[in-house]
Structure formats: structure tokens, C-alpha cells
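I have a structure here, written as C-alpha cells, and I will follow up with some questions on it.
Lettered A, B, C, D, E, F, G, H, I and J in written order, each chain numbered from 1.
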């Protein structure tokens, strides 16, 4: 049983019982973004959280072992094609340098960690049309001299 | 005089007078991210804001015209190399699918606009090391049938 | 059952009963371009329209569920090879900059949406040989300052 | 004097005298899209039209010769980055196969010519926001047996 | 049954009965290059010709339907590796610009059509070693103003 | 003085005096395709032919030395963009395998040489529009066992 | 039965009976490099040699037919990864221009054929560690004028 | 003064005085391949040999310093285009696996060094046309366990 | 049975019996890095060590043969995506030139061998968070003149 | 004055006065690897260390400002060509997965930081030829749940 198998089982249960990612995340006791990414095979759940997901969705016990294994994060190299994901790639291209300038101005030479990192996706009501809000937070990691 | 020329002039003034992006943004009366990206040639300023930037930095008047021209957003294709920008590309790869799932769950079939879009970069104090916080917001654009 | 499976079933029915895309679109009560793209797995149909397509083609009920799911729009990166599609890519290359100049001149800094978008393909009689006419329309999205 | 030189001279005149592409096209007696693409170096003008453009913009006579020379159409390979042009590339990816299906259904096996081709870009008023309309027309070219 | 299946069946018959492409082309009443490319899945045969090929090779009737369907011409992007095909790619690289110059000199601004096109491959005896002769002919398509 | 310099000088003379490639080839006593490719820097002329070209165009003597030097044939890797050259690349993709099949059927295992090679480009009158005819001939080179 | 199948059978026999490429080449009466490349599917054996290989390895008769068919030489494009093969690619990069200079100096404008070609790989004893010796020989092919 | 400058000076002297690479190599007291590659900037000469080359060609003394500096070996990534160099790349693709098999059979698991390496290029007379002979020798480097 | 099969069997045993790479390496009597890479199919074990691994994990005897066969080292070309491996690629990009400068300064013109090479990975305790320590050692290989 | 300018000045001083990277690092009071990378423009020096380097090499004062600015780390994408740097890329490919396995086994799910990172390059005497030793150390960064 692989992470791909478990993702397929989770999606099947979601369709069959009309379960949302929000509900799975609540069952796991963790955030939506993290749990969704783990269920898609891009992060590992701790055994306790994996067990809760498996119980909630009524999956075989082995699925909890697989969910807690450490993944190889393999994503398409170069440019994504789905418009929803591409727009984020475009934002990286258009605002990447400005982001770097401001991080350096506010913190010094270094980066925002993508490992000690969290993210949430919210729906924000707006009179001209609701908006997708993304809040990301990563620890600042300074370059060091040695 | 091109946008590249104006960026070079702005950087020279910033070094010479130890001016920050935050100060330039305040002079323009707009956000840090947007003003920085415009000064780097990736967005256009309205003539009024362009004039304020040019006055604040004591640049030649033609620079305001150039800052208000519509740019061609040309960024390196495929994978960025600077670690500060690369980490964002990596986040797109690792969390892109989870982001798409949650947007669809919360809004229906569609995308977060990268055009009707805003972003801020903040420093958030944290006992284990301060964190870079990014808040992005884009209008939800639904796919339509026709 | 995946979107690929449903596309295969649709094509089989089309061959068996000599059904056209035009007829399927008429059954769905929507345009030819949109319905064809949805049947090829690149867009989602609303449940009502999906049901009409499935009824018209006498497909299993599950096919309607699949047709209404939100697709991941995955297309070959870089350059298409089929001449019919390549020519459009070539038009993008040859006329892309002129298109951008004219959009900016007529609307200001911004883009034509590819999401709030519609398209039709027509046959136009012409004495020197009939012509393929494509009419595309997308909402203008202005870049905003913030 | 090269086509790049002439494009630079044209842009300088446009800024200096606030001339539009629409006005240049009118002076040439040809469409906006074609004249703009020729002024950007991606098409050749017949000597008569080239002369009118040069007269209208008060350029040196050699510029008319250059505008009427046959260009090498060199555009960036793979994926464009500017959002305004990228969206068209995305449309090719998302709707390319549907376009091919409908051309074949309406005409038989063959393609829409990108050479015996014309295009216009219009602003269409709309209550929910004005729309960019593109109308393209290319001669159908059937594959032949031999 | 797909075009790949039919190609496999044709090759099997050719091996089993030692049949040549020349013989298949003669049975179809068409040229060797065109019939071979259609049997390899890169062109469509008209139903009559498809029927003759299927009869000659004693294939199932459905094969004639498949041979007459319109193909998607999918070939490896970038550089071919087989030396026999690579040499042609090399010729495109070495002589492509000279070809363009001479077409423009003899016809004006435009291209040789690859759609209204025919080709033959001949063996020409030569005392220093026989030669492969290729004769290609494509309709000249002029760029037009509009 | 480099081959690029000489090409620039030749083009300048051609414009100034309205000289054709056909005339230059006749002066050299060689074919149009070969002389054009040599003048574009993709082949070397023997000193005698180089001298005739230089005399005919009234170029400095050093140009003859440069025209007779052995070039490095450097052409854009992957996919050409100019439509006139792209079509040839497309022909390689669509008909490359059929070409290989027929060469092997007529000659055995081997290739058409791109070195012991010649080519001509002709205008052939045709009632439905004149055609570009290309005749290529290359020595067959058999793979050998050893 | 394909060339890949035959390679698999040959490797199985080699493991089972501890047979070397040298022994297979001796059975075929040809060189090690050529026979090995043919057994790996990158060259064709004449029927007589193919029969000897099949007899020696006790393979089914059809394997001899497959070994004598003309292969499509398909190898990974761009850069090989296995260090043993990569080093040769590196030699091409580091010494390729020097090789070209010396071929031209010794022969005139032209190339070393990769078709009328042979190669051997030898072990040469050396006190500081034995050396791999490669001897390649290809017919010089001069570029011709026409 | 860079390695590129020195290469340019060497080529100028070679043209002016009709000097061959063979003569320069003899002056350096080293092989043709190595000296040519060093003069093209892909290897370093020991100071003594560099001095001899500079004396022989009557170059400024600084050129000897530059010739003895350690180069960065920068060559075009992916596929070379000049036919003379491409053929070697093709040989790597066609015979690379066979080469690896034979090195392993004769030596065990390991590679031919491209660093402890030498090569020569010879002209070998042959009745059917003279041949380019390349002899390469590299130390065998075994993979080790640890 | 292939190297991929054996890796799958090893991983299954590790999960089933909670065995570590450290334990397998100890059983083999070799280092962790080397044994792990061999079990993942990127190096060969000598028959004795392969036997010990197979005995320790209770695998079929054929697995030892497979573990001792010479692998083809096939890894993804260009840029790795998993963050743990990407960081090493980034280190190569950021520090590669500095590494080359220091190797040349300490040793002369040459390289660190990746064949006569060993590596270890250690956990080093640190008050601000434990550190991953990597120690690599490769024989210096000088470029030679010849 | 840019980082590239400063690197050029440093190299000129090193040649002129025969200064080593080791001496510059000693003057800066920091390690060889870090100081070399900063002098090559891939890291920033703190103002104090930058001043010491500038004093030691007798460079203009502005060079110290430039050395302390935060760089954009721009390195060639995909595969490096210089053998000394390529070998490290190859090590990443061959041992990358084993490295990941061992980091995960010793620490849990996470990565070795390339930011909180140090490295040294040593010459280690060895009877069979001296060895290049590289010691890298990076903080372990665990993936977190949230």
C-alpha cells in the first residue's frame, strides 16, 4: 500500500459520503492545509493524527502507517499548467524580487523557511466578489558567517 | 530612459541616502509590496504616485513617466535559483494541489486571481525566532459555463 | 471512473451512433466549445447539464458525477506538435505583443481573463475557400494599486 | 537600421506626441493588429503602407524600407511570462483539443491557416465589466492525399 | 482499436508475408510516402483507400475505420535521435535560413505549406554510390495585409 | 573580420544595388542554395568561388578569405520559430518515420547523408497557386558490421 | 517479440551460463563493440551473424529475425547520468572543438562519419593502473560544393 | 587579458603566418589534441610549455600567464549542433551502453577517467577514402566499497 | 528479479521488522551511506557483503546476485524537487565555484573524484538544535599534459 | 560598482601579488569557503570583515560596501559543465536518496539546512594520492504539523 493508494481511498470515501477536507482536518485536530497536503502524499502525519484520519474515514489500519511515513516530495519541474496553481507560480515570478527585498529590509540577509512553515487558506467576504486569502508564515533563517 | 534605468537610479539613491522601501512606499501612499514591485519594473504606478516617488527620491521628471508606463512582466522561466525566492517556488510545488483542493471546496470550480490581487509581508515576533508572514488576497474567479 | 474513462465512453458512442459535438452541445443546452472541452476533461459541467449529456448518450449515471467534478487542467508544457493546435501557439508568438499593446491602449494596464471567458468556432463561407472563425471574449481585469 | 531600431523610433514618437496604434493604423489604411505587429517587427508592410506610416510619424525615409523588409519571426520558445500573453497560451492549452475537434467536425481533416489569417481586438461594453473581444479568421487548409 | 493497434497489425502482416510499403501504397492507389505515414498513424486515409489497404492486408474491417480517422500528430519535441531522422533535422538547421531567403526571393513574403504538401523518396543510381532523393512540394502561402 | 561581418556586408550590398541571391550564385558558378548558405556563414566556399563572389559584390579582399574558412555550424537548438523554417521542422516530425521506413525498404539499414548532399529550391507554376519545390539528394550511407 | 525482449533473453542466458560479450562476439564472428550494441538493440546483425548468436545462446529462432531487423536508435536526449557514459559526454564537451580543428587541419572541411564507423574497447596494462583504450575510426566525409 | 583574448590572438597569428596546430604542438613539445584544447581555453599549459607557445607565435608575455591559468570548462549544455561535433555525441548515444558493458566486463564496476586521460586524432589512409582515427585512453577507476 | 524488486523487498522487511539502515550496514560490515545506496540500486555490493545483507534480512538467494550486479546510475536530470535533496543541489550552485577555487589552490588543476570516493552522514548534538554533518572524501585527480 | 566588479578587482590583486584565498580568509578572520564565496559574490560579509578584506587587498573603500550587500544568488540552472563542479552534482544524483534516508532515520522527517550551514575543504594526505575532504554541517530542520 502506497501513499498514492491511500489518496485514492480517501478521495473515494469523500465522494461516497460527501466528506470535506475541512471535516477530515477537524477529525485530525490539525489545520486544513497541512492535513490536505498529507492526504495528498506531500507531508507525513504523526501516528496519532494518522489514526484519527483513518478512523474517521473508516480506512484499513495499514493506511495510518502509510500516512505517517516520510514522503518524497515529487512535483512537476518547471511550469505548472492548472490555472489555479499557475497563478501562484506567476505571483512568484512577478513579486519574488519584491518579496526578497522586503524580507532583507525587515530582517537582514536570509530567507523565509519553507520547512518551519505554516499556511492557511480562507474565504473572505467582499462586496465586489469574495476573495481567497492565503496567510503563510515561515521562520526567518539568517545566513551566517563562519 | 527605461524601467531598468529607473530601478538603477532608485537603488543608487537608496544607498546614498540610506532610504528604505518602507519610506518610499509611505511617500507614494501605497503598500510596500506594490511600490517595491513597481520600482523594480514589474508593475506600473499611477501618475500621481509616480510623481510622489520621484519627488521623494529627487529623480528627474522623466522617471515618473517611465514608472507609470505599463511593464512587460518578464521573469526567468522554470526554476528560480536565489534561495529566498526558490523557497516560494517550492511551496507552490509542495502545497499547490492542497491549495487548489481547498479553494474548490470553499468556493467551487475557479481560481484565485493574480491580477485583482494584493499582498503584504510582515515581521512577526516569535520566541523561537521571528517569522516572515505573507498575507495574499485575490478575488475568486469562477469558471463559467456558456 | 475517471474523466479519461468518460471521454473514452463518449468517443465510443459518437463513433457507434455517428453523433457530433454539435448534437451533444445542443443536448446540454450549452455552446459547442465549452461542452466539447468539458467532455475532453478540461472543464466541469454543472450537474444539470452533465445529466443531459449522459442521458443523450445513454451513459451510466456515474458519468454525470465525473463530468461535474472539477478537473485538473493538465496540458503538455512548451510547444504543441499537432499542426492544428500548433498554429494557435504560433499566433500567440507572432501576435502576442501586438495583442498586449492593443489591450493596454483600449483598456489600460491589465489583461483579458482566461477564466471569465467564452469562445466560439464558426465556419464562414468564402469564395477563395471557407474560413475558420474564432471569436473569444474575456473580461478585462485591470491591475490595481494597493 | 534594423527593425528593432525602427520599433524604438516609433515608440519614441508615440510617447513624445501621444500617438496611438489606432492612429498609426488609420494612417496606414490597414487594421490595428496587423499594423501594430508590423511596427513591432513581426510582419512586413507593403511599400505604400510603410511610406504612409513613416510620413505620419515623421521618420527618416530608410525606415520605410526597413518596415517593408520580410522579418524573421523570432519569439521566445516555450512559455511566455507576461500575464497578458500567458493567458492566451493557457487558452491554447485548455481549449486546443476542443478547437481541433470542432474544426475537424465542421470542415474535415485539416487546420486553420496562421498565414492566410486576420485578427481584430475590440472593446465590448458589458454591465459586469467591459470585455476584450478577439476575432480571428484563417482559411481552412485541408490535408490532401497524394 | 487505436491507430497504434492498426500499425502493429500492419507491421505483423508485413513481416509474416514479406509485404513492402510500396505494395501497400500500390494497393491503396496512392503514393508511398503518404500511405506509409497514414499506416504509421500520422495521416488519415479516405475511406475508399483505407478499405483497399485493409483488404490487401486481410485486416479486420474496423481497421479501415481507424485508418480513416483524423489523427493527432504527436511527435517527440526538440531533437530526434535516430541518425536517419536526425540528419533531416540537421539539414533544417544548416539550410533553413537559406531556404527562407530563396523562398522569399522567388515568391515574396510567405511560406511553403506543410499541409497542401506532397513528398516522394526515390533511389537514384550513382556511380559513387546510389543516392536518396527527396522531392517535396508545398503550395506557397503569402502573408497578407488586412 | 568574421563570417557575421561578411554576411552583413553582403546584405548591405544586396539592398544598395538590388542584387539577388540568384545573381550571386551565378557569379560564383554554383547553386543558389549552396552559395546562399555559404554567404550566411553555414558553409565554406572554395577560394576561387569566394573570390568571384567578392569581385561581383565589390567587397574587400579579406572577405574572400573569410568566406573560404570552415564554419562552425551553430543553429538554434530545439524548435525554430519562424513559420517558414518551422514548417520544415514539422515535416520532419510528421513524415520522419515514413521517410526512414522507405529509405530502409529501398536501400537497407542506413541513412541519407547530410554531408555528401545537395538541394535546390524551385518555383513551380500551378493553377491553384504556385508551389515551392525542394529537391534534396544525399548519398546513401549503409551501416556496416565489423 | 521485440528487440527489448531479445535483449532481456540474452541477459538472462548470460547470467545463467556466465557467458561474456566477448564469447558472443566470437560466436558471431564480429567485434565485441558491434555485437554488444546489436544485442542491446542499437544495431542490426546480418541474418547469418544473427543466427550464430541465437544458436550459441540457444534462443528461439524468431530472435534471429528480430536481431536482424533495422532498429530505431532512440537514446536519452541531453545529458546522460551514468558516470561511465557521462565521462564520454564530458570528453565531447571538453575536446570537441579541438577534435574539429584537427580534423579540418588534416583533411579539410568535413566530418568523421558515425555510420561508416568502427570502434574497439581494450584493456591496456599500465604500472599506475590499467587503462581503458578506445580506438574509433570513421570515414572522412568532405562537405562538397554544388 | 582572458583566455578568450589569447585564443583570438593565436588564431590571428595562425591566419597571418599560415601556422598549423601541429606546428604549435611541436613547439610546445606536447600532443596536438592537448595543445589545441589548451589554446582554445579548455585546458591549462604548464608554464614552460606556455612559454614555448608564446615564443613560437610571438605573443606578449602575459599570454603565457593566461595559458597556464586553470580554466573553467564551460561548454554548451545538451546537444551540440556542428555536424563534426554532433557525430561524436551521436556515437555516445548509440554506443554508450555497449561501451559501459565492455568496460565492466573487462575491468569490473567502474569507469574510464576523463581526467587521467589522453587522446590523439590521426589520418589513416584507406582505399575507399581516408579515415579519421581517434585513440583515447583513460585510467580505469574502480568504484570502491567503504 | 531486478534491483527495483530487491529494493522493494528490503523496504518491506524494514517496515515489517522495524530494521534500520544502520543495522543493515552493520550486518554488511560496511558504512551506512554505501550500503544504503547499494540497497537503493545505485551501487553494487561485493558478493560477500551482498550475501550478508540477504541473510540478515532473510531474502531469497537470488537477491544477493542482483545486489552484486553493476548498476546503471540513472537519476533525474536537471533539478531535484524533494527539499532534502534539493538543498544539496543548492549548495552545489552557491558554493560550487568557491569549492573549485579552493581545490585548485590546495592541489593544482584537477578535481575531487566521485568514484574513488567515500561519504558519511552523522548526527552532531548542538545546543541550538542538532546538526546534520556530512563528511566526503575523494581522491584528487590532477589534469595531466600529454 | 557591482559585486562582479569587486570580484574582478580581487582576482587582479591576487594575480599581481600572488595572494591566496587562504590569506584573504585569514585577513577577514573567517573560514576559507565562506570568504571565497563572498568574494565571488555568492554571500555577504559583515561590514567589519568586508573592511578587513578591502584593507588587506588595498581596494577602494566602496568595495567594502559592495561586499557587505546582500547578493542575489544566481547560478546556472540544470547541469554544471566544469568537471570539478559536475562531480558534486553527480554525487547529489547518486547518493541523494541515500542521504535522505539516513537523515530521516537519524533525525525524523525534515532536512539539512543550506542556510544555517557551514563547510570546509581540506587536503588530507594519503599514500595512494592525497584526498579532497569536504565537511559540511547544517542544522536539522524538522517538518512540523500545524
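Rule of thumb we're sticking to: a residue touches a chain if its C-beta (ideal position, glycine included) is under 8 Å from a C-beta of that chain, and two chains touch if they have at least 3 such contacts.
Note that this is a predicted model, so its numbers are computed, not measured.
K.L.:
Just to be sure I understand the contacts, which chains border both chain E and chain A?
P.N.:
Touches both chain A and chain E: C, D.
K.L.:
Please state whether H-I or B-J has more C-beta contact pairs across its interface.
P.N.:
Most contacts of the two pairs: H-I.
K.L.:
Find the pair in A-J, B-J or G-J that has over half of its contact pairs, by residue number, in common with G-I.
P.N.:
More than half of its contact pairs match G-I, so it is B-J.
K.L.:
Chain F to chain I: how many Å between their CA centres?
P.N.:
Inter-chain centre distance comes to 51 Å.
K.L.:
Counting only Cα atoms for the centres, state how far chain B is from chain G in Å.
P.N.:
So the centre of chain B lies 55 Å away from the centre of chain G.
K.L.:
Please work out the Cα centroid separation of chain E and chain I, and write it as a whole number of Å.
P.N.:
So the centroids are 49 Å from each other.
K.L.:
If you average the Cα atoms of chain B and of chain C to get two centres, how far apart are those centres in Å?
P.N.:
About 32 Å, centre to centre.
K.L.:
Scan chain C for residues touching two or more other chains and write them down.
P.N.:
Residue numbers touching two or more other chains: 43, 72-73, 75, 77-79, 81-83, 90, 93-94, 100, 104, 110-111, 113-115, 117.
K.L.:
Which two-chain combinations touch?
P.N.:
Chains touch in the following pairs: A-B, A-C, A-D, A-I, A-J, B-C, B-D, B-I, B-J, C-D, C-E, C-F, D-E, D-F, E-F, E-G, E-H, F-G, F-H, G-H, G-I, G-J, H-I, H-J, I-J.
K.L.:
Mind listing the chain D positions that touch chain F in their complex?
P.N.:
65, 72-75, 77, 114-115
K.L.:
Which stretch or stretches of chain D touch chain C in the complex?
P.N.:
Against chain C, chain D makes touches at 20-22, 32-33, 36-37, 40, 42-43, 73, 75-80, 82-85, 87-107, 110-114, 117, 119, 121-124, 126, 128-140.
K.L.:
Looking at the complex, which residues from chain H come into contact with chain I?
P.N.:
It comes out as residues 30-31, 34, 43-46, 49, 70, 72, 100, 104, 108-111, 113, 115-118, 141-146.
K.L.:
Where on chain G is chain I touching in the complex?
P.N.:
15, 78-79, 81-83
K.L.:
Within their complex, state which residues of chain H touch chain E.
P.N.:
Touch list, chain H to chain E: 79, 81, 83, 86, 90, 93-94.
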